[in-house]
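Step one of this worksheet: look at the structure below.
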Amino acid sequence: MPHSLPATPARDEQLFQHIVRLERVDMTFGRVQALSQVDFEVGRNEIVGLIGDNGAGKSTLIKIISGVLRPTAGTVWVRDQRVDPSSYSVRRAHDLRIETVHQTQSLGEKQPLWRNLFVGRQIVGRFGFIDVKKEKEIANQLLRKAIGFRGQGITAESTVRDLSGGERQGIAIARAMHFQADLIVLDEPTTALAVNEVRKVLSFIEGAKSGGRACIYIEHNLAHVHEVADRLVILDRGKVVRDVKKGELSLAELTSQMIALHEGHGDGHA
Amino acid sequence: MATRESLTARLLRIEGLPISTVLLLLVAVFMLVAPEVFLSYRIYMSFLANGAPLLVLAAGLTLLIAAGEIDLSFPSVVALSGWVLAYCIHQHEAPWLGLLLALLAGALVGFLNGVLVARVGIPSIIATLATQFLWGGITTVLSEGLSYSLSDIDELLVWKLLVGRIGPLPVQALWAVGLTAWLWLVLNRRRFGEHLLFIGDNAKVAEIVGVNTRREKTRAFVLMGVLGAFASVLLTLENQNFFNTQGAGYLLEVMAAVFIGGTSVFGGKASMVGTVAGSFIIVMVEAGIVATGVQGFWVRAVVGVVFLAAVVGHMLIEGPGKGITRVRLLRGKFGLNQGERS
Amino acid sequence: PARAEDKIGAGITMYFQMGGNPGDGATLPRTNGARAAAAALGVTLKEQYSGWQPETMLSQFREALAASPGCIEIMGHPGNDAFAKLVADAEKRGIVITSGNSPLTKLKDQYVGSGFGYAGVDLYEGGKLTAQKMIEYGKLKKGDKALEYGLRAQAERGKSDQGLYDTLVAAGLQVDYIEISPEVDHDSSLAVPIISAYLLKHPDLKAIGTQHGNVTAFIAKALKDAGKKPGEITVGGIDLSPATIDGLKKGYVSVTLDQQLYLQGFLPVMQCALSKKYGLSGLSINTGAGVVTPSSIGALAPLIDKGIR
Amino acid sequence: MATRESLTARLLRIEGLPISTVLLLLVAVFMLVAPEVFLSYRIYMSFLANGAPLLVLAAGLTLLIAAGEIDLSFPSVVALSGWVLAYCIHQHEAPWLGLLLALLAGALVGFLNGVLVARVGIPSIIATLATQFLWGGITTVLSEGLSYSLSDIDELLVWKLLVGRIGPLPVQALWAVGLTAWLWLVLNRRRFGEHLLFIGDNAKVAEIVGVNTRREKTRAFVLMGVLGAFASVLLTLENQNFFNTQGAGYLLEVMAAVFIGGTSVFGGKASMVGTVAGSFIIVMVEAGIVATGVQGFWVRAVVGVVFLAAVVGHMLIEGPGKGITRVRLLRGKFGLNQGERS
Amino acid sequence: MPHSLPATPARDEQLFQHIVRLERVDMTFGRVQALSQVDFEVGRNEIVGLIGDNGAGKSTLIKIISGVLRPTAGTVWVRDQRVDPSSYSVRRAHDLRIETVHQTQSLGEKQPLWRNLFVGRQIVGRFGFIDVKKEKEIANQLLRKAIGFRGQGITAESTVRDLSGGERQGIAIARAMHFQADLIVLDEPTTALAVNEVRKVLSFIEGAKSGGRACIYIEHNLAHVHEVADRLVILDRGKVVRDVKKGELSLAELTSQMIALHEGHGDGHA
């Protein structure tokens, strides 16, 4: 997989309607039904905000889209073409230009930062050897420009284990920024980020839209989602309970809705 | 302070420097105590000749351990492939075919290990222990327990190419060192190696960043199998003799070499250079101690002491642990304790 | 050919302790001998391999007893006392016990009537013989330097090393002793650098003695590595593995003790069948035919390749 | 579906059930193939007598492995403590003192290991390998390579209490099982055990939640040392003999027992019940196969196959892997692959 | 350590002025100077908001207070009594009734939730055996009441590895809530929490104050800190650059200040 943007066919024939679509997707872990009968789609150039309580199933949902998990039932379309579950994988998702920033740890703790940025999509020379010099170069650029860290400890060489919470998160996002994709999936990307980095992320998302790309944005900070999303999908206990265009719902309404949702069910469930 | 720090740091960036220093110190000590032995080239030639298979095995195991896996079955590969080779030479005078089949046998064993670990999901330590028994047993059955003496194979081209002598220098040393250098590249400069490091670091993360953990693990086991077979070939040819318990003695020695070299038991970090140094320490230590005149029942105890000295020395060179934070940090940094797994 | 059930051993199950590991040089001929006898006499043979670990031999003996077979062959390594109670129990239950490789004199004398025999050499004597032949062959004299590389730490098995050592010392030689490490014990090719190092340390060394079969096989290589010429050093070893034969032919190995292990496998099975069937008492047979030297090796080679000698 | 799930789940909550089932299946097979042996109580008595030391060692090692550490030095403890006991009985007719000193020796070795690992920070696998050589060598030196026979100690009270017989039942079996039960409590119901689990899970987290990782690790090594000594006492008394190579054979067997039992190589989870089942599988398997009349050279190969069968069976019972996600999940859940470390 | 509140002397003699005070504290990791010459104190009944860029040194600072790290220089006082660095540890901090919610992973992944809640402070019976039944009971209460999770997968038995991001964070906070302390240190506690849980945390902090306890609150969401903190300490590149009473600085000012701080230095540092 080359690291820079190739003119993949996918990119040229913009004929598809949905970059990704899920139909009646179930996901059960042992006795836990994390997702049940979920229908979910993302338009070609749409920013979808995915919100819901803790444990609602958001991360599970996007893990299916990014090829980390395989749904126990239901079907997945990418660019209106059905994907074969058995062959779908993270790597495949990358090839289909779907890029994800996960909520769970996604960096190798003992590995240097530059390896973490390029693992899976290494820059290799003619004989298939990793071009370490180049990778480090780009890594350093990303650090200073894309994220603009000012922390003491952080260089392309530094080990992830030694980084601060925000720095880690920053790396994960920088990775997604670098490998620009047609669909960018962000699972609580602003977590642990300071004011300025948060602004950077938000503008990155908007940039993606103007760049004709799509984005799934998971966020508990309703103000943030409401600001950038075109459409909001509310997930509750593994079910899609609401799917509204941005205009249809004010931030205030959204907030009270979310709270109501919570109170509504109370502690009924054990 | 700041400069001293950064100097240490810069030195430490040279892979395996501390353990190599320990190795040199050890040689120096031996030279002092037993000059008549350690100032003659012969002993080193003997170390090179007999150390080659160990080095090949240790280098291969380093990759697996980097991926957080282990292979306990290589001693049986050394036996099995050795038999295949010896059989082909002894019964059919077909050395080249023997070489080929021996390597294939190794690959086969490795592949089975890979399937058991990466597909079926059996922890490698128990899976490969089982296959060690399995293939060791099968070797005895196949060879009917017989040893083959391959007295005059030193006429053969294979022999000359693989274990011949250039002047006093045993050719297998070149093979072993060459292979190790290549494996260093594989580990540090190839996708495969980077993937192994990430798998060893945290398999879930590896999956998330798009590494095909199963495929890479399987490949690593196959590679180990082939290397085990090659080590066996070197051993059998050099000995001009196959005996079906061969390899059994290597289990602990190879592991010791890798871990003395500073590769982490928990995967995610590995030092090929360290493994080379570790291997030579292992090959030398007992011979060296005997040469220094230690005798009888004392030898083993002294070997133990030297091991400890080596590892402790290693740590001290890496960073004089001053104050608990410092120590903690160092240990964290250089993977000398659990902390590293987190 | 007699039908299976006519054979004297028909219907008898025998547990047999072979000693080391399946197929190691010091064990294989014993295995083959036992199998041949079992086949000939119609005895059902159950082989136990202990890797020469005495405590394993005891465990295996307990397991053998529990299986209530017709006979059991044990090895002397754990010693009379360790076996006493177990053997007593066996005899009570009418199981024929016999012994091999290293003697259990006390027990043998006690139960010889019920078929407790012994097939093997007197290990100490074997070592002594090897040493004597070394001195003879190598014309070793007072003050000569010698190395004894052995397993004296191992119960019984070490006695042959002791015998060799004592005899050399008695002859006035200056003898160093080095214990074989477990790794070398398992895989004797690892002995090569150790012996080479010793040789370089002691250029004036005159003789090397060992009673470890596989180590004997690798001494030749060590001598080569250390740049010694054949015959320059008198080497006394044990057993006849193919590599040892080479050593003998090329003159690196001077004498090697032939325990005729094949007999140590064959005779106990015969003993078992005869005692079980006809109540014949135990035979004590010294299987040690003496030593093999380069001059006497020729005829043996083919048999050795078959794992009989 | 939901109910079936929850049924499986409920069953799985019974610790070590799968592996115990495997054990029973194995016994059943042996009973079928060699009834004359496996339908008599005798064989089981001999298993109990032979298995007691192994079980004690395996149970102790389980705790260490739960903490992500390993001890390779216990074979030397079995030798050293055995010598101490034998020496006291043989030379000074002081069995009780011997028992005490033997246990002390074990504690000492364990403490040294603890210091090397928890204080100095040497990875346990290499530290304890070194101490294995060290103490093994020292034992041979102390015993001057001699073995002691302890002919009539079966008169002694110590002997009767520790390895006597109640009817056909060997008393050491009661000791071993009792100890294991106690260690189960230590692991699952004592602060110490919980701390070990957290250390093995993630040492940094353990520190953060206020576990004194160094102290607890050291304690674990000392405990292992003492248990090794006790195993040695049982072995030496039962054999009425001290062999200064005794214990060497246990290294692989004990590890196999622990890992077959389902304890994770990477620490953080351990099953004491599994270890018990694993130990009995190890003790039985070779004897069982010999009894079934498999020809000598095949035995090891078959042992290997049985190991594999046991572990695979174990996995299948735990949860028939349907679909990759499911498998991945199961493997994650039951620590049958790296994933668990993350 | 008992799990419920004992009347420790510390609690009765409220005579001390500062629950914790740091004087000229340095912390260096290899070549990284994470903290330099930091003076920092928390009054007996004060909520201190600690803010700063990513990599500023916030987590490092509180790790020193909670006994995880040992400063390379400087002195630490607890209740106006100097603490001996060599004997100070997490356990000691617990005894001194200092409770911390860390930003970095602080749960045993493979351990059940109930063990994670009580490890280090187990409930033990007369003979020193852990009272599993009781621990599980309390754990379940905490889950439903204190945090009020509604996720499918979560019970006292469930393994941390299987929990969602917010659920994990919730456990860590519940632990701190349960072992009430005189000083509660919260390092970005609302991370990954949904709207309602965030509200719970904020009210918990305020509750602490009215309960006469103190709190250090690290948070990038300026609105949140500004809402609850009595005093704000701004850390930048390991130095305290500002220390103001709440009244002295409006949220708007604070925000612009933080941004200025960032721009101000630009990428000067490498």
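Each chain carries a letter (A, B, C, D and E) given by its place in the written order, and its residues are counted from 1.
Here is the rule we use: a residue touches a chain if its C-beta (ideal position, glycine included) is under 8 Å from a C-beta of that chain, and two chains touch if they have at least 3 such contacts.
This is a predicted model, so every value here is computed, not measured.
Colleague: Would you mind naming the chains that touch subunit B and likewise touch subunit C?
Modeller: Looking at subunit C and subunit B together, the chains touching each of them are D.
Colleague: By that same contact rule, can you tell me which chains touch subunit C and subunit D alike?
Modeller: B
Colleague: Give the label of the chain whose average Cα location is farthest from that of subunit A.
Modeller: C
Colleague: Which integer distance in Å separates the CA centroid of subunit B from that of subunit E?
Modeller: Spacing between the chain centres: roughly 47 Å.
Colleague: For subunit B and subunit D, let me know how many angstrom lie between their CA-based centres, rounded off.
Modeller: 28
Colleague: Measuring from the mean C-alpha position of subunit A to the mean C-alpha position of subunit B, what distance in angstrom results?
Modeller: Between these chains, centre-to-centre, one finds 42 Å.
Colleague: Based only on mean CA positions, could you tell me how far subunit C sits from subunit E in angstrom?
Modeller: 71
Colleague: Which residues does subunit D have that touch at least 2 chains other than itself?
Modeller: In subunit D, 140, 145, 202, 204-205, 207, 264, 297, 299-300, 332-333, 342 touch at least two other chains.
Colleague: Provide the list of subunit A residues touching at least two other chains, using ranges where the numbers run on.
Modeller: Residues 29, 104-105, 162 of subunit A touch two or more partner chains.
Colleague: Name the residues of subunit C that each touch 2 or more other chains.
Modeller: As it turns out, subunit C has residues touching two or more other chains at 22-23, 31, 153, 179, 182.
Colleague: Write out the stretch or stretches of subunit B touching subunit A in their complex.
Modeller: By the definition above, subunit B touches subunit A via 185, 189-191, 194-195, 197-198, 201-202, 204-212, 264, 268-269, 332-333, 335, 340, 342.
Colleague: For subunit D, which residues count as touching subunit C in their complex?
Modeller: The touching residues are 34, 36-37, 40, 42-47, 49-50, 140, 143, 145, 147, 149-151, 154, 235, 239-241, 243-246, 248-249, 287, 290-291, 293, 295-297, 299-300.
Colleague: Going by the contact rule set out above, which residues of subunit A touch subunit E in the complex?
Modeller: Spelled out, the residues of subunit A in touch with subunit E are 29, 32-34, 52-57, 59, 103-104, 144, 148-154, 162-167, 170, 188, 191-198, 220-222, 237-238, 255, 258-259, 262, 265, 267, 269-270.
Colleague: Quick check on the complex: what are the subunit A residues that touch subunit B?
Modeller: 68, 89-91, 93-94, 102, 104-111, 115-116, 119-122, 124, 128-130, 132, 159, 161-162
Colleague: What residues of subunit C sit close enough to touch subunit B in their complex?
Modeller: Its residues touching subunit B are 21-25, 27-28, 31-32, 153, 176-179, 181-190, 192-194, 196-198, 200-201, 203, 214, 217-218, 221, 225-227, 241-243, 245-246, 249, 305-307.
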